[in-house]
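Notes follow the structure.
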Amino acid sequence: MSDSSSPLRIGLIGAGRIGQLHAENLRCRLPEARLVMITDASEAAARACAARNGVPHFSTDYREILQRHDVDAVAICSPTDTHVRIIEDAAAAGKHVFCEKPIDPDLGRIDGALAAVARAGVVMQVGFNRRFDASFARIRRAITGGEIGIPHQLRITSRDPGPPPIEYVRVSGGIFMDMTIHDFDMAQFLIGDAVEEVYATGGVRVDPAIGEAGDLDTVTILLKFRGGTTGVIENCRRAVYGYDQRVEVFGSGGKIEAENQYPNTTTLSDGRNVHRELPLHFFLDRYTESYVGEMRAFIQAVHTGGPSPVSGEQARVPVVMALAARLSHRENRPVRLSEIG
Amino acid sequence: MSDSSSPLRIGLIGAGRIGQLHAENLRCRLPEARLVMITDASEAAARACAARNGVPHFSTDYREILQRHDVDAVAICSPTDTHVRIIEDAAAAGKHVFCEKPIDPDLGRIDGALAAVARAGVVMQVGFNRRFDASFARIRRAITGGEIGIPHQLRITSRDPGPPPIEYVRVSGGIFMDMTIHDFDMAQFLIGDAVEEVYATGGVRVDPAIGEAGDLDTVTILLKFRGGTTGVIENCRRAVYGYDQRVEVFGSGGKIEAENQYPNTTTLSDGRNVHRELPLHFFLDRYTESYVGEMRAFIQAVHTGGPSPVSGEQARVPVVMALAARLSHRENRPVRLSEIG
Amino acid sequence: MSDSSSPLRIGLIGAGRIGQLHAENLRCRLPEARLVMITDASEAAARACAARNGVPHFSTDYREILQRHDVDAVAICSPTDTHVRIIEDAAAAGKHVFCEKPIDPDLGRIDGALAAVARAGVVMQVGFNRRFDASFARIRRAITGGEIGIPHQLRITSRDPGPPPIEYVRVSGGIFMDMTIHDFDMAQFLIGDAVEEVYATGGVRVDPAIGEAGDLDTVTILLKFRGGTTGVIENCRRAVYGYDQRVEVFGSGGKIEAENQYPNTTTLSDGRNVHRELPLHFFLDRYTESYVGEMRAFIQAVHTGGPSPVSGEQARVPVVMALAARLSHRENRPVRLSEIG
Amino acid sequence: MSDSSSPLRIGLIGAGRIGQLHAENLRCRLPEARLVMITDASEAAARACAARNGVPHFSTDYREILQRHDVDAVAICSPTDTHVRIIEDAAAAGKHVFCEKPIDPDLGRIDGALAAVARAGVVMQVGFNRRFDASFARIRRAITGGEIGIPHQLRITSRDPGPPPIEYVRVSGGIFMDMTIHDFDMAQFLIGDAVEEVYATGGVRVDPAIGEAGDLDTVTILLKFRGGTTGVIENCRRAVYGYDQRVEVFGSGGKIEAENQYPNTTTLSDGRNVHRELPLHFFLDRYTESYVGEMRAFIQAVHTGGPSPVSGEQARVPVVMALAARLSHRENRPVRLSEIG
């Protein structure tokens, strides 16, 4: 627990696209925190981000942040393969940890990081920002509040406007680990129950190069939760109409659906049809507010002594699910998460 | 009151488009009535309509219907300029009267017909079918049921997909009498209060030939009701996107809106936009069910001894409003209905 | 091929709920056909239906229909366990066959009936009426017309407002054969490709008595089509908000969705929320027009010499899928249709 | 024209609710400008706002801003009765002027201020922020781009969730000047044509105290534009369902509508109805982005030497319309703007 009457002092590690976004949110939207230092492997990036946001210190070495007494917490936005090491170092230095998703694609390494966090007793939160989207959060409240009764069937539709560069695909860990992981987390978050079994199908429908890289680009996954709820996740790397992010939950007392978000509310009727513009194009537009929300929640968790709303243990689960989905697709059979670990 | 255990026996006068529609509805949808005879100035039309609907008798002379003892009521679907005479004859013969709108464009003649109906003590209903549209009827129920509190503001949007032939426009009595008359009736029906004052503006925006014929094709009319509610009617003879039939009422407790109706419920998202098809094209598609509903209500009114849900007195009011609107537009000033009569 | 200038002469076998519906549609909406005779195991039912629809003959024995020379086709609406025998008899008598779904739950018996139809060279159509729903037909046109490119992912949501009586459940053949069968047909119809593999999950969520009867009430099924499209079917025996009948297809060029249908188009905003009424309650309301459409298509197929738009061979497929789904659920593994036959 | 490579240096006059909003937007969202000084009649307010936004100087006297050489422009957010004097002083000091609406309720005083601005040759923009709302801006683009052809009929629905305190109502200048003024500006902005005539009706429907204060709370206004377009404005001081801000324009080539904005995109179906939450509650939520947009446009106008997208001359027009509406209502007749001046 920190002194909530003074702003939480944060060091930002990684000043790439997401790091910059967090820096700006901390400056403008989150008076309850203050950025003290920014580090990035690129000194130019660190300096620019610090200048733009009025942050007094910058460096290329994240350990300088950990050494500062005027830093309470770190926000880790560096490449995924650096997460575990930084988490362990930060925990050892007694700093609270906000870390972008995924912690790591390797369960053993995740477990090491989580053990370090537990030993240090610091608060840890992982960046599954979509939980903080106003619509998905509303669905969660409908479920916890009993507005739709007992959930029977969940559907998550999540499609990107276009695939990432093929170079990225090759190192992404595969669509289940890279893209579906958000939906795996959304599934456990919304239903509030553990997934026990995964059955994954999929193919290469968007770009043969993705198949040549050993990956899939269009997948449909069936989930079974412990309590009997079933779920379906539909993913595709390319929806020509833009970013498709919808959820629907059906239960004994009703259903709740979240539609896509649009750049404006206009509808135009002409001699051909009745139409509106395409949805907000991609995640930085659609999830603008959810990035603010997750950081606000982290700050509050630190101030109140936790627990964090997206704990390391919770963030481990989607990685297990991704591994199970990969195996399920390979062997074309339902795979229980207990097979994975 | 008639014997409701046996079907109401109806004679149809006029076998044009609307007459045929009523004949088919009586045959298929209204077992509580039976068509006994059909007349039309064209013998071929009368014969064809009778044959198609299994009606035993036909003629070119509507008086033959009035002479039959096995006819309880007439449905008058002949040209407007014949309405008053037929109503008066039918009433004198003791037949209940269903008459298409408008009774007549002349108030004196209307009053003559209404007096004849009153003397005869028969039930009379005028064909303002839109009152029986499921959506508009739902709005009326919301108002009478207090679901939106006291109505403050009414808006009726009513646009045709295209203007009628210019020959028709010339004899139509003008847009207020021919087109707005439906909306004038809708206004008094929905709010359940009398309009006291009308202010009408308009112009020729669709086709100069309409202006040369002395008419308007695009009008906006402001209504004041006795109880202080105000209303707006928007009309146009051509909406390129099809038949535009919407209503909205705002009140102290909320608002209720009726949207257009569509041929199906699909929405298509492609690389350009998110769209649906155009609304149902015109009145025979949009108001299919309301024609059944009005005739069912007439049959029931006869069976129960009335009153009819669209009395002659009520049907007189939109004619007064049309005359007031014409005068208001000519003199560019609000006109009280009491000026008209 | 029959003489399309004269109405198709039909005998109706079975005057229960669906039989009566077809009788009324034939009388009112389908002048291109004429009901000649009605039979039902209950003489009272046959007589009443004949009287209501002006049909000259009725009987308790369907073979009387088959013996008539003035009958071109039969519409079989009797209980499922009578279908095969009547089809075989009708085909032997040279009558074209419209038969309600399913033909039979037993593949061997279906094959016998189809062989009889093939030998006789008559037209046969099975009553998968939902194909003729305006919205689902629009989706099919979008797919055949290339409006959404190559289909990648299909989703069918189909939930009833409430379960049938438990007595019915016990003899229904199970949810896959009784309820999902419509969706299995919809899947093959919309995508226009063969399903190769089925994976079915499900549980008892609505009523324990359904489980005690050996059935499921809530199922989610994953389909794989030959061409790589995947599909998901969501079923439940009870949706508290009413009949939930939606479809969505996502493809390389876009997506198309069909929403539920509502009794009117109004939306009401009050101090609590913005709301509309619940969807049309059940299939007789929602699919009113599709029953007309399927019969119109059958009449036309006979007139043009076929083929029927829902052939017996096509109607066999959903039965195979239902059997595969049952096996898949029992063994919790994907089942290829080729395992079933 | 200023040096667009360096941020525009702005002094903020008035640190009330809107002033604080602009200060925060300038700090966080508008790197192309920089707040140099803040003044407010309340020293505490000025100090707090300066501290919160890292602004180096504050004072109770706006003239200190005008004396600074490091200030290019002022943003006037002080009470309306101070606008004219500050505009004149700022213009005399060569400062560009952003001023909240309305400039002043008195046309003579407005003309004095505009003359001062013209003499000084500075850029002036008035805070009709709704023009910068994404939906209304989209409608404007549809009109200028010919997407709906020639506009025939405009409708603006603008209702507040609740009336302001009665003390405010008494000094507000009346509903036309205080509330409708936004819609008057929207009308001229969207149609891009001059209104020539106004007919206003209205009453006291929300709170008798508003009537006792000599004001109306529910008004409907009909506008005629020079080119023949007509418009309707519907206002009410209280909509129980929240802030109702919609626009619809119908033209020869189609129509475009802007719906309300909602806090999320979810729809919930339960056993009673299908519903969503109420719209965003009030203007700070609904028009958040339009406040940023208008300030961005002002900064850009100064950088490019103007003209401003909401000039003083344009901002004068809604005041004329409000005066005409007041007269129209008093005398119950259409009033031409040329009567007012």
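By letter and in written order, the chains are A, B, C and D; residue numbering begins at 1 in each of them.
The rule is simple: contacts are C-beta pairs under 8 Å (C-beta built on N, C-alpha and C of every residue); 3 or more make two chains touch, one makes a residue touch a chain.
No experiment lies behind these values; they were computed from the predicted model shown.
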item	value
Touching both chain A and chain B (chains)	C, D
Homomeric contact chain B-chain C: same or different residue positions, threshold half	same
Chain whose Cα centroid lies at the greatest distance from that of chain A	B
Rigid-body rotation angle, chain D and chain A, from Cα fit (steps of 5°)	180
Which of C-D and B-D has more C-beta pairs touching across its chains	B-D
Intercentroid distance (Cα basis), chain C paired with chain B, Å	39
Gap in Å, rounded to a whole number, between the CA centres of chain D and chain C	58
Whole-Å separation of chain centres (CA-atom averages), chain B against chain D	43
Two or more partner chains touched - positions in chain B	240-241, 253-255, 269-271, 277
Sites on chain A touched by chain B in the complex	240-241, 269-279
Of all residues in chain D, those that touch chain A in their complex	24, 27-29, 31, 52, 54, 134-135, 137-139, 142, 147-148, 253-261, 263-271, 277
Touch list for chain A against partner chain C, complex	149-150, 152-153, 155, 159, 199, 201-203, 205-206, 218, 220, 222, 224, 228, 230, 232, 234, 236, 238-241, 244, 250, 252-255, 332-334
